[in-house]
Structure formats: C-alpha cells, structure tokens
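Multiple structures follow.
Below, chain A partners chain B and then partners chain C, in two separate complexes.
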Partner chain A sequence: MTKVNPDFIKKVATSEEFNATACINCGVCTAVCPMDVELLPRKLFRYALLGLEGKVLENTNVIYQCLLCKMCEENCTADVHIAENVRFLRSYISKEVFKL
Partner chain B sequence: MSERRIGVYICHCGGNISDFVEVEKVRDAIENEEGVTVAKTTMFACSDAAQQEMINDIHEHKLDGLVVASCSPTLHTFTFRGVAERAGLNPYQYVQVNVREQCSWAHTDLKEQATEKAIYMVKAGIAKVRLTHPLKKTRIDTVPRTLVIGAGISGLRAAIAHSDLGISAFVIEKSDRIGGWVSEFGKMYPHNRLGSDLITELSEEIKKRENIHIYTEAEILTKSGSVGDFDVKIKVKNEEISLNVGSIIVATGFASYQPYEGEYAYGTDGVLTLPDFKELIDNSKGEIIYQGKPVKNVTYIYCVGSRDSSGEKGHTYCSRYCCNAAIHASLIANDVSSELNQFHIYRDIRTYGKYELLYREALQKGAVFIKFDEASPPRVEKSNGRFNVQVKDVLTFGEEIEIESDLVVLVTAMEPRENKAMNDVLKLPVSLDGFFKEIHPKLRPVETVIDGVLIAGTSQAPRNSAESVAMSLAATSKSASLLMKGYVELEPLIAMVNEDTCVWCGKCSEACPYSAIEKISSGEKEIAAINTAQCKGCGCCVPVCPENALTIKGYTDEQIRAMIDAMEVLL
Partner chain C sequence: MPLPIGDVIGLMVDNLKKRKTVFPIPRKRAIEWANGLNIPEGGKTVIYTGSMYQLLPYMIAAVKNMELIEDSFLGKFVFMGRFFNRMFNVSAFVSMPKKADVKRYKQIVYNIAKLLKKAGVEFGYLYKKELYSGTLAYDLGVDDAFSLQAKRVYELLKENGVSTVITVDPHTTNMMRSVYPTIIDGYDIEVKSYLEVLAAIDDFQPIHSVEKEITVHDSCVYARYESVIDEPRQLLKRAGYTIKEPKDNKALTHCCGGPIESIFPKMSHTIGKNRVQQLKDATNGGAVATMCPICMASLKKASGDGLEIEDISSFLVKAFCD
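Right, the complex of A and B next:
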C-alpha cells in the first residue's frame, strides 16, 4: 500500500515542465526502449501523476539508467515529451533527495 | 369462378430474388389462378417505371386487387399502397408477398425448392387478396391543446414551445412550486449558468403568455378518448377540473439514487452524494468548510448505484450524466478553493462530445484520475477524523494506493421516479431499467405505444438538462405535427365485433393492452365495442373470444384459412 502525497502532485504532476497527462498507457515506449527497462516510462509517469512519491524514489536507479536517447519520444503516439519528463524527475530527485 | 380481377407482379429485385427463385416459373404457375387477370415479372417492382406500369394495368384491366411478390412489407407496403391509391384502387386491396427475406435469401442453397416455396407463397397472397374489401382510414379531428405533466425544465420548455406554435398548454405539477430539480441547482454545465436563473427565465417567459396555464399541487385522475381528442380529469388541490387536450407530454423527471447504509461508508459524516456536495460548494466562498473544518482533499467515487453488473444493489445501466456532472462539480470546487486536492476514482470516464473539455481542464488543474475494476472496488475507512480511501489502480497493474481525504463524494445514479398513480391512468410501458419506454430509440424516440402520449426529459432515461430540453422540443414538434394539421388518420386494420354472436363475457377487454374495448348495449343485450382510435389491430382479443365474435380487418379468419388452403402442398 502506497500513500498518495498531494504535495508531490502539486510539485510534479501540475508543473509545466512535467507533462504526461496525455499518456494513454499504450506501452510503445516500453517496447522500444533499448535499455529494456520495464518500468520506463509509462509506469513511472503513472506513479508521478498519482502522487506516489515513494514509488518514484524507489526507482531512482532506473530513472538514472535512461539514456535519454528519445527512441520512446519519437515513437510516442500521444506526443508526450518523455525525455524532458525524465530529466524533470532527475532534477527533482537531485534537489529533494540528494540536496544538490 | 371468382369475379375478382387481380394483378400479380413478381419482382427480380435485381437478382436478389431471381438468382435463387426462377421468377418466370413462378409467373407461369400462378397466371391461371382464379381471378388473376394480369401476371408479370419485373426487374425492380419499386422503380418508377414499374409503378407506372402497374397503374396503367389497373386502369386498363380494371383491376380490383393487387399482389406484389417482392421484399419485406416493412420496406415497401406503403410504396405499393401508394401505387394502388394513385390508380384509384383501394390501398387495402393490395397484398405484399415477401419472397426475398422469407424465401430467396433464406434458401440460397436450395434453388428448386425455393422456387416451389415462392409459388405457394404467391398463391397464398392471391387467395388473401381475393377476400379483401375496400377499407377506409378513421379520421379524428384534433384539438389544439396539450397537457404537460411535470413542470421541470423539460415540461416548462415544452409548454413554451407549444405556445410559440399557437397550441395552448396546460402544465400540471405535483409539488407546490415549478422548476423541479434544476431550480435547486447552482452552476450547471456546460454554460456555467445557475439552474435557478434558467427556471426564472422560463417562468418569466410563461408569464408573458396567455395560452399557458400552470396548476401546482395537481395530478391526473382519469384519461379517456384518444389521440387528438383526450378528455382528462385532473385534481388541483381539492378541486377537480376537466380538460380536453389533443396530446399529453409526460415530463415527470427522475429521482436521485440513495446509497444504502455502509455503501462506501455512506451514513458517516463526510461521505456525501454528488447532489449534497454540489449544494455544499454552491454555498461556499473562498474556502470549503464542512462541519466547521476546512476541506483540503476530496475523493470522488464514480458509478455509485450505476453499472452494477449483478443488478442486486444498484442499477445495471449507466446513468450517463454523472461523469460530466462530477467533473464539472470538481471544477467549481477548484474555483472556490484552488488549494483543493481532488481525486477521481472511476471505472470508465465518459465525458462524451465537447464535455471532454471539462475532463481536460480538470486534468490541467491537477485532478488525479484513478481507474478501478468493478471486482475490486475502493474501500473507505475513517480514522482520526479523516477518510482513508484504498484503491487498486488498474493502470499501474494493480498498485494498491491510499488516499487521505476530508470528504468522500459518491457520484450517484439517476433513478426512475415512482409514479404509480399517474401510470395507472396513462398505462405507459416501462423499460427494463424502469424508465418510460419509447417505441424506438432512434426512429421514434419520443412516441409511446399510446398514440398522442409523448415522453420527454429524464422520465425516459438518464440525461442532462440540455439533452432533456432537446427531447422536450422533439416531443413538442411531434405533438404539434399531430395537432396543427387539424386531424389524424388512423389505420383501418383493427378489430371488429360480430354483434350477432358477441355475448359480452369481457374476456377481450381484459386481453386488450390498449384499453380499446368497452361494453355497450345494443338492443336488448350487451356487447363489446371497439374504440377505433385506440385499437392498434394487435389481435390479442381475437383468440380469447369463446364465441369467435372478433376478427381483425385485413386478417380475417376467412382470409387466413384461404391462404392455408392455397398452400395445399404443406397440408
């Protein structure tokens, strides 16, 4: 059971830089990922949208594993800026968790 | 020998019939049947040229009966009745034989037998037409007045629309004020106007008109007569009033589903139905306060009382209005306090048409949408004065998440309103869902099986106010098309009583679904009489008569027997 954190939603999901609401959960991104990362990006974004901060942080390693190759973005059927979103999450983690 | 002069036309239907039935063989087999004067085949019987040929033949050979062996009567009965009429032949002396749907299309692999069957079908048609008599439509003069039952937004709008067309409207309302549900609503979607303003506007409009009469605390007592000319008795407070109207529009509205005790913790303070929540936010400014405490998190649970596939606790149908209404309510709540966190726990979101914009706006403003499966509904628990809503999110493949909330809003269904007393009078059919039923949802959407009684608004099905008004205007145009012509013509293919054999046992009257049979005295005895305007020719009364005194015009026992005899091969 993961708790929803409304503050996380305010900081991430409604931020202008992070936008994944258009995601239709089709899974093309996961299928084309050269790193074979099952979580990326649709499930990760869903966690972020739902405000499940714990789940996002749990997957910090995966978030940094991404090559930012934009293979997924190129193939996204809903025009989600996936790489930008990943970078946004990285910057969030850097600031909030690693206090950089 | 029969003295009838009958024309028979067998259609190829391009090939739909002639590819499987040898139409020339059929023609040869029937051309010497008793009474047949003209027997022809034609490529398309419904074409203008073929119709003209039939008209010429009717004139030239002085035909008094017409048989067309072609497609389903549903498709072309009226086409060929028109041919007969234009040629001066009584349209009820025409018989259609369905050798396409009931023969060629059904027996594509048995051509020989299909041809044989077609021959017998046409012979039966000829046997039937031999026994036809000219029939006349019943004509009823209509009165330019209507009765609207229910003074909600649909009823009031229908009354104004009738008045615009010069038809007087009597509006009766059970409660002591007009406006119904909408008068209590605050901002409504999609126009964001106040419900109370809409009703004020309508009632101002009504005050300007002399041909609208509104009776509050009124109900219908009895109804007699028929389409175009109903006599209705209503009770207004303690007074009885008789009205004579041409049509009746039923706009009695809906009831709101009440969750049972314990359904998503309903009954606990802080668990509200959507209408209750709407009232709370309509009266809030700057901040939403519930029982003295500010509200920060709101969780909406959708489909409460709707789409219950077992049908045991809720309704099986989708209530249609609720996705839009709940999302719109959440936007208003957001306007009141932008600090609010809102969570929508849904099964399927259906913000159809332009209402998708509401959904988009809610998403942009940070609303969270979480999809659950019917098999694992969310759980609501109260601890330390707040609610803990636990739900399995389908889109993360069953991630169990927990939401802390101050308020839980149950997005409740629309239900049919209990209206037994009224429906004992009107006898309208209801659908499986309990709402009043139209004849056909697409082709005849506001008419009921009772001619002249129309339905509108949410008495028919769950819908929003804009759709309700659209349907009440549809009902108005149907009603006006009946009443403004000044008369209606009704089909003559109805029941007929043999006065000599009828002994009035009352069985036919019990069997009649349209209350079209009543007792009258004829000479020294009592017999059944058919109300020609109410009878639909369904035939329910015919088999129950112990004296065999009833028959349907155009489908007499004599005709049916003759048809069976003509198909002697089947005996």
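Right, the complex of A and C next:
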C-alpha cells in the first residue's frame, strides 16, 4: 500500500518546473514514446500530482529510463514540459534518496 | 538486476565536483585534436568543445565494462568503486579507450575547426582551461553539481574575455545557450553551433565535387531543443550530397538511445537498433550523417559494420577543404 504524502504534493505544486497539471490525459505521450513503457510519462506524472511519493519512488528505474528525447513534448497538445517534469522528479530523487 | 542508479550517478557527480568532468581524461588528450591548426589561445570568439567528442572513447570503454556487470552480482559493488574514486581516479581504470576511437573522435573536432577556418571564421580556443559543460549532471537531475559547473564555465569565459562561443555538439550548445541563462544571472554569452555559423556564410562553397547519398540522423537535442534542423541539410546540399530522410526525421527524429547508456546499457542498445533499422530502410548503399558524438557512438554500436555512419563534419570536410 502507498500513502499520500502532503509534503510531496506541496513540493510538486510549488515547483516552477513541474507543470503536469496542464495534462489533458490524452495519452499521446505514451503512444509515441520510443521506450514503450506504459508508465511513461502520463501515469508517472499522475502519481506525482496525487502525492503518491511511494509509487513514484518504486518506479525510480522508469524515471531514469526516460531518454529526455522530447518526442512526447513535440506531440503534446497541452504544452506540458514533459522532459522538464521528468528532470524535476530526478532532481527530487537525487536529493531525497541518493543524497547527492 | 539493473545497475545501482544512485551509485553510478554518484560516481559521475563526484568526478564532476572534484575533477570538473564526469569522466576524467588527461588534459593533453582533450586538447591534442588542435595540433597543427595554429588556433590562437583565447579571444573574444572561441570554439568550445566541452570535451564531448574527446570524452566519447572513454565513455564507450566505460559502458562496455558497465554492460559486463549489469544483471550481475558485481553491480552491488559499484558503491565501493565510488568510495575509492573519491581518493584516486578509479574511473580512469574502467575507461581505457581503444586507440582507433580516440583517433576517430579527435579527427571530428579537427575537421570542424578546419571547416571554420576554411570559411574564414576567426576564433580562438581555451586549450587546457576549457571545461566540460555539465550536461550529464543536468540530465540526471543533480542540480547542485550542475549549477556549480555552469558557474565555473561562465567564470572561465568572463575571465578570458570571451563573448561568443562556437559549439561543436548539440548537448554543449543546449547547456550554454538555453540552460545556463536560466540559472546564471546576467548570462551574456552568445552561443552558436558551428553548423549555424557555417550555414550562414553564403560564400562558403565547396571546392571538390562529391556524389553520395547521405541519410541525415537528426540529434534530438539539436532538432527538438535547439531547432537546428535546416542548417545541416543546407550544408550537405551545398556540398553536393543527395539527402535522404529516415522515417522519423527533423523535429520528429527518433532517439539513438545514447542518453540512458550509462545506467541502462542494454535498453539503450535496443533503442539504437530500432533507429538503425529506420536508417537502413532509408539508406540505399549510401551513408548516414550524425551530428552528435553520443548519437554516433550509439548508432555505430547498434549497426555493427552494416552501415556507414560518420559525423557530418567528415562528409563536409571532403567537399569544402583541401
């Protein structure tokens, strides 16, 4: 089981970089992703917006598997800064988990 | 079992903080490409390599070793490598490059500088002072280490009176042109890719005729981050080459897989193979031009000997230089 982390919600909500709230859930980003990983990037961002920090962290591998190639962003009709959002999650893990 | 992400990133970040680059290589190796070109030291306009091409042979060697321990119990011991690497340069032992790779990547930067000189562009070089841009730390989200490196680079440029840099690869271009201004107050360096510089010089014309079909592999960073799409095509066309396009091209180019190679070598290889197939489908006995050292290494690895893949500068130099 995972639990909502209010602090994580706050960090995501106050971030200048993370703008996945603009997502309209069309799923085109997942459809065009060359990695062919179902979680990338829409579902992953949903976990982050919901404050499900545990779900985000248990998918650390997937977060680092993103190529940051921006194929998704090129096709996004809601102007979500997808690569920047993935980088935000990496930055969070770097600080909170890897202590870098 | 995948490689331990935190330890692999930690090792590279330790290097960046302590040794000012993610893969420490001897400084003389990083600058020897300029031998014989008589490029002045410093100046208002400099060629800025960020050592990306020079680092690649060492990265290729390191990744080969990483592949050996990926999915093995040895992966658990990367943390020990990181521990000892803080005291002495362990990464140098795991990244002994092939001589042929060193020669190949050195030649590319040499060719780029030769093209710029032939086009009449005046520029200097910072030689041993030049620093890595920090691009890998940025991509991996290690913001403090990246920020430190970006400030080091900016200080270096200001101390040396540099106002314009001519970059040779997409990643350094993106860092210095689009990312540094977001974290450094008053950042005032003009940044242009050598492809943009050359394409803008109308009287830079070929002196040899070349007849070949070239399939263009766009770098994701040039095409989608920096909108450098037309310039490489303009130059190839001006040189006399016939341009072929793969299925995914220009702003919708397909990644080479290289960006995740340091952590997920096998997965990276699969992406590279997918792209190679697209390139093979478009190439009918011709060759493929890349414009990024990471793309070139990933695609060469994925294609084996089945496809001629070279940096775009290698094709241009044949048409424009003696």
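Basically, the second predicted complex is superposed on the first by the 99 of 100 C-alpha atoms of A that agree within 3 Å, B and C clash if a C-alpha of one lies under 4 Å from a C-alpha of the other, contacts with A are read in each partner's own complex, and residues count from 1 in each chain.
In this text, a contact is a pair of C-beta atoms (placed from the backbone, for glycine too) under 8 Å apart; a residue touches a chain by one contact, two chains touch by 3 or more.
Every value quoted in this text rests on a predicted model; they were computed, and no experiment measured them.
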Next on the checklist: After the overlay on chain A, what do you see for chain B versus chain C, clash or fit?
Outcome noted: fit
Checklist entry - Is A:K3 contacted by the first partner chain B, the second partner chain C, both or neither? => result first
Item to check | Superposition-derived comparison: chain B or chain C, residues of chain A touched | outcome: C
Checklist entry - Of the two partner chains, chain B (first) and chain C (second), which one does A:C69 touch, if any: first, second, both, or neither? => result second
Next on the checklist: By the touch definition at the top of the document, which applies to A:R87: first (chain B), second (chain C), both, or neither?
Outcome noted: second
Checklist entry - What is the value, to the nearest 10 degrees, of the angle subtended at the Cα centroid of chain A by the Cα centroids of chain B and chain C? => result 140
Checklist entry - Upon superposition of the two complexes, what minimum C-alpha distance (Å) separates chain B from chain C? => result 22
Checklist outcome for this item: chain B and chain C footprints on chain A meet at residues none
Checklist outcome for this item: chain A contacts chain C in the complex at 34-35, 60-61, 64-71, 73-74, 87-94, 97-98, 100
Next on the checklist: Please output the residues of chain A touching chain B within their complex, sorted ascending.
Outcome noted: 1-4, 6, 9-10, 13-14, 21, 25, 43, 46-47, 49-52, 55
Item to check | List of chain C residues in touch with chain A within their complex | outcome: 2, 5-6, 9-10, 13, 138-145, 220, 224-225, 251-252, 254-255, 257, 259-260, 263-264, 267, 271, 274
Item to check | Residues on chain B engaged by chain A in the complex (per definition of touch) | outcome: 296-297, 341, 343, 363-366, 368, 370, 390, 393, 395-397, 399-404
